[in-house]
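As written, the chain order gives the labels A, B, C, D, E and F, with residue 1 at the start of each chain.
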């Protein structure tokens, strides 16, 4: 993202906000991953213990998701997504004032 | 919504908060719309280019969604939703104190 | 949750934040419940009035969901979820600094 | 430090934290309900073939009924919850006591 | 009290509330778009059998195309909205006027 | 201006911004996990016919097992992520580096 139009105090504020957002994103990534893997891998509730097939599924699901997210993140950056989206937002805000 | 019980400073604060919320709602509306139209219209990943059928679907999906949202918004207001919901919330809060 | 490492001012701040979060959770619980029961119980839009079968379904859906949430909440606490999750978060944050 | 909104100003000029928080909760609730309504009635009423950009007659009528019915359900759920004694405090036993 | 960020500092050292709010909205938008992209392309491209932890060739290629196509759709939707005159103010007619 | 919580008070009476932020992240995480648990076990265990308002025996047992299994999965996913070296910084490479 391009914060060059902000002054030093504003840039410091935004950096702080981005750090908070990253911490939030990380916890959400984690809980989303748990939800997804649980949903896909666990369908038998005749026991409360995780079966060995279920466990293997969860481990693979986790590993694959991390590799998947990395790939999506890399492609997202290549698309210059930040710049495109902020330009889009600005043009709408400008029209609305 | 009825903010008549708030003093001037509080009303100014709420107005500011509503403006922020509207900006947030707008960006969420946009990304939700992209997600919905992409999900419905794009199912072929043998190419990275958007086919002409897919493109037409996306354009129609966008237009229809905007018209749809406007209609829902109008009906929502007719129901006097704001008043009903805040009365509901108040009654629960009152019971809980 | 264990806030014993926080000083008095910080604990007061967190208590306040938790109270706000509970109010938020409650409203989200409510709207999530409406969405879920509406989705399951209402599938006929040849009339705008709620049929008697639909109404009974909504009432049962509400009651069952409240009992369900209570049970999940009780099990969640038995698992000592708060402690486990904060330990998990801490270990990741520690690794990342 | 009794409020996320800082200070404990209760004068008629300052911000009363409690009133502000309740008004904020109202706004969040209404937005949340509206967003769910938009999503739910779209699924119930809008076809997915997208051969046109206009709402057709059937879709328009369905939307109107869907919104009305959604509010009816809103009312019924609210009433049932009050009968069953659920309130924001009890609500605390879902998300709240988990903290 | 014109801003959620407190104060009305417009000096070159202080925080300009409006600039901060726009930058914040940008960050929230990008995060929101990214999270939806992650969810949507996972559903489109990743199998649910999980017999291995690696992305296989087919999945990898699908992911790359899915991201590219998603951005294409992003652009198309944005353009169409501008043609139709939707803007943040009009956006207010969805969530906004409901308040 | 090093914190969203204003001031840089590190004294034993004031608010330490970092401790407050970590505690806030904890609360948000627990709420998020709980909400997902509620949603997921409802789908797995609760029938959609709603001929009665009580949880029947089968549903109750299913709920208990579902919660236990969900936490087991929680642990497994956490352990696997640590083995694979994912941490909050690496997490920054999902949402973070996108900013």
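Criterion: a contact is a pair of C-beta atoms (placed from the backbone, for glycine too) under 8 Å apart; a residue touches a chain by one contact, two chains touch by 3 or more.
Per UniProt, the chains are A, B, C, D, E, F = Mitochondrial import inner membrane translocase subunit.
Being a predicted model, the structure only gives us computed values, none of them experimental.
Among the remaining chains, the Cα-based centre furthest from that of subunit E is the centre of C.
Taking the CA centroid of subunit A as reference, the farthest chain centroid is that of D.
Subunit C and subunit E have Cα centroids separated by 26 Å. Centroids built from CA atoms put subunit F at 11 Å from subunit C.
Separating the centre of subunit C from that of subunit D, both taken as means of CA atoms, is a distance of 14 Å.
Counting only residues that touch two or more partner chains, subunit E has 1, 15, 25, 27, 29-31, 33-35, 38-39, 64, 68, 74, 78, 81, 86, 88, 91, 94-95, 98-99. Across the assembly, subunit B contributes residues 1, 9, 13, 17-18, 21, 23, 25-28, 32, 41, 59, 62-63, 69, 72-73, 76, 81-82, 89, 92-93 that each touch 2 or more other chains. Looking at the complex, you find that subunit A touches subunit F at residues 1, 9, 12-13, 16-18, 20-35, 37-39, 41-43, 45-50, 55, 58-59, 62-63, 66, 69-70, 72-73, 76-77, 81-82. Subunit F makes touch with subunit C in their complex at residues 12-16, 19-20, 22-27, 29-31, 33-35, 37-39, 41-42, 46, 48, 50-55, 59-60, 63-64, 67-68, 71, 74-75, 78, 81-82, 86-91.
Against subunit D, the residues of subunit B that register as touching in their complex are 1, 3, 5-10, 13-14, 17-18, 21, 25, 28, 32, 36, 40-41, 56-57, 59-65, 67-69, 71-73, 75-76, 79, 81-82, 84-86, 88-93, 95-96. By the touch criterion given at the top, residues 1-4, 21, 25, 28-29, 32-33, 36, 39-40, 43-45, 61-62, 64-66, 68-70, 72-74, 76-78, 80-81, 84, 86, 88, 91-99 of subunit F touch subunit A in their complex.
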